[in-house]
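Listed next: structures, encoded as structure tokens.
Both complexes shown next keep subunit A, but they swap its partner, so subunit B is in the first and subunit C is in the second.
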Partner chain A sequence: MTFVQKTHLHYQLLALTGEVDLHNSPQVRKQLLAIVESGNSVIVDFSSLSYIDSSGIATLVETYNLAKNKQLSLTIVGARGAPLQVLELTNLNKVFPMKDSLDEIKA
Partner chain B sequence: MKRILYVEHSACTSQLCQIRDKVRAACQSLAYTDSDINLITLVIDEACTNIIRYAYSGESGRIVLEIFQHEGEAIFHLQDFAKCIDKSCLELRKESLLEPGGLGLQLIYKVMDFVQLLPPKESVGNILELKKYLPKGSQK
Partner chain C sequence: MTSSNKSIIDVNNLVTHYGERKILKNLNFSVEKGEIRVIMGGSGSGKSTLLNHMLALLTPTSGSIVIDGVDVVNANRKTLLKLRQKMGVAFQGGALFSSMTVGENIKLPLQHHTELDEHTIDIMTRLKLELMNLAGFEDLMPSELSGGMLKRAGLARAVIMDPKLLFFDEPSAGLDPVTAVELDELILKLRDAMNMTIIVVTHELESAFKIADKITVLFDGEIVITGTVDEIKSSKDIRIQNMINRRARDEHLDAEQYIKRLTTGKN
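For the complex of A and B:
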């Protein structure tokens, strides 16, 4: 699993590649929480993500709750395949704002 | 009962990726759809994660995964050699998904058709048995 962080409009975008599991989700957690703690809304780009387990999902939930408390947002972009199935199975696709592509996110 | 897979790994998070690859390959041989393969792989990963986190609690140990095909079902046995856990550990809690904990177990119950703890061999450890119906028309 690798990730790249960059600025997109007024958001911080974290693009995840590969598989997120218990082995590497602490890295993702640290990065996501740091983004929100520093006062930024976050977009998590799932376009190149092929797998995410419950520890990764728990990280998203924790970040979402923190962002909400700070009047910020967490948006997921480009989820498909196995990661989308996990979000649907947990009904979290109805909790997190979901977009098909970055083009759908406006300033 | 036909054994499809036997693998033994150290109970270490770095092994999860290899275990997932082996589960995917085994499920492909059982003619599951891509969607089912994704979900079954997730569930086995979650079960292994629970063994690493809770059964071994960070101590070193082994995980044995066996997959069998039997009368229209795939049967998954996950064995650890940690302290025996109570059956109540498999009970679902009714917390919101937005609360921490228990998500892996919820996924296991949602995906699998049957979940139970078996008596351990040699009175040590735990064996989690999971069953999933095979796709219709795939049984020979």
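For the complex of A and C:
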């Protein structure tokens, strides 16, 4: 798993590549919480993500909740395949704002 | 039997005994990644013994069991431990620790085997409780749950580490029909969303037909057939037909052996 952080409009975008699992989800957690703690809304780009386990999903839940408490947001972009199925299995696709592509996110 | 790259379990020429009694008689089969394989058979057919061998809890007389590339019969403790972290097991009665709450039981593997933050562990535990329809029960003790709830809590613990391979012993035994159907649906969802390979040991025909990609039927320690649901249904084997039509088996009686068993206690 690798990730790249960049600025997109007024959001911080974290693009995940590969597989998020028990071993690397703490890194993702650290990065996501830091983005929100510093007062930014976050977009998590799933386009190149092939797998995410429950520790990764738990990290998204924690980040979403922190963002909400700070009147910020967490948006998922480009989820498909297995990662989308995990979001559906846990019903979080009905909680997190989900967008097909970055084009759908307006300033 | 040749193993393919796609298989996650390869059982070759497996022979086991309890004392002098031969339990499994030269079993050969493979399970592919992402498959739901049901192992069926009546009481005493050897299915629980086979399960215990696949979990490397028993040592066979001869033959090999290779799981995810690991020869479990000859593997050392460290290799087995690593393999077991990729495997989840849901035992018949749930097998929860009675002195811990449901939540503590479910998160136990994460606390032992990972260095995840406690917040992450708590959310993961609640996600699994939600999935098993047990939201809000995390602070109860196992003794306060019904049989069906215990079974679901046991399943929650079995999948807490998102295992690649899930073994499930008698999922629907003792459950009411509605709960049993819900559990079957959950097994299908877990496979699809988590890419799990799932081995279900059961004697419940209805459940097997609903969830199985393939069914392996054991009878007196031998594999009668491994096939798809349709292949099982159209099998001409009288033992399979009896199983499907729920007929008592009419065993051939070997008079000489029968008298020997009665007089000497030996087969």
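What we mean here is this: the second predicted complex is superposed on the first by the 107 of 107 C-alpha atoms of A that agree within 3 Å, B and C clash if a C-alpha of one lies under 4 Å from a C-alpha of the other, contacts with A are read in each partner's own complex, and residues count from 1 in each chain.
FYI, contacts are C-beta pairs under 8 Å (C-beta built on N, C-alpha and C of every residue); 3 or more make two chains touch, one makes a residue touch a chain.
Predicted, not measured: the structure shown is a model, and the values here were computed from it.
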Just subunit B (first), just subunit C (second), both, or neither: which does A:88 touch? second
Who does A:58 touch here: subunit B (first), subunit C (second), both, or neither? both
Taking the superposition as given, does A:19 touch the first partner, subunit B, the second, subunit C, both, or neither? first
Taking the superposition as given, does A:29 touch the first partner, subunit B, the second, subunit C, both, or neither? second
For subunit A, what residues appear in both contact lists, the one with subunit B and the one with subunit C? 21-22, 51, 53-55, 57-58, 61-62, 82, 85-86, 89-91
Subunit B partner, complex, touching residues on subunit A are 19, 21-23, 51, 53-55, 57-58, 61-62, 64-65, 81-82, 85-86, 89-92, 95
Taking the complex as given, what residues does subunit A use to touch subunit C? 21-22, 25-26, 29, 51, 53-55, 57-59, 61-62, 82, 85-86, 88-91
For subunit C, which residues are in contact with subunit A within the complex? 114-117, 119-121, 123-124, 127-128, 130-131, 160-162, 189-190, 192-195
State the interface residues of subunit B toward subunit A in the complex, per the touch definition above. 13-14, 16-17, 20, 35, 38-39, 41-42, 45-46, 49, 52-53, 97-98, 100, 103-104, 106-107, 110-111
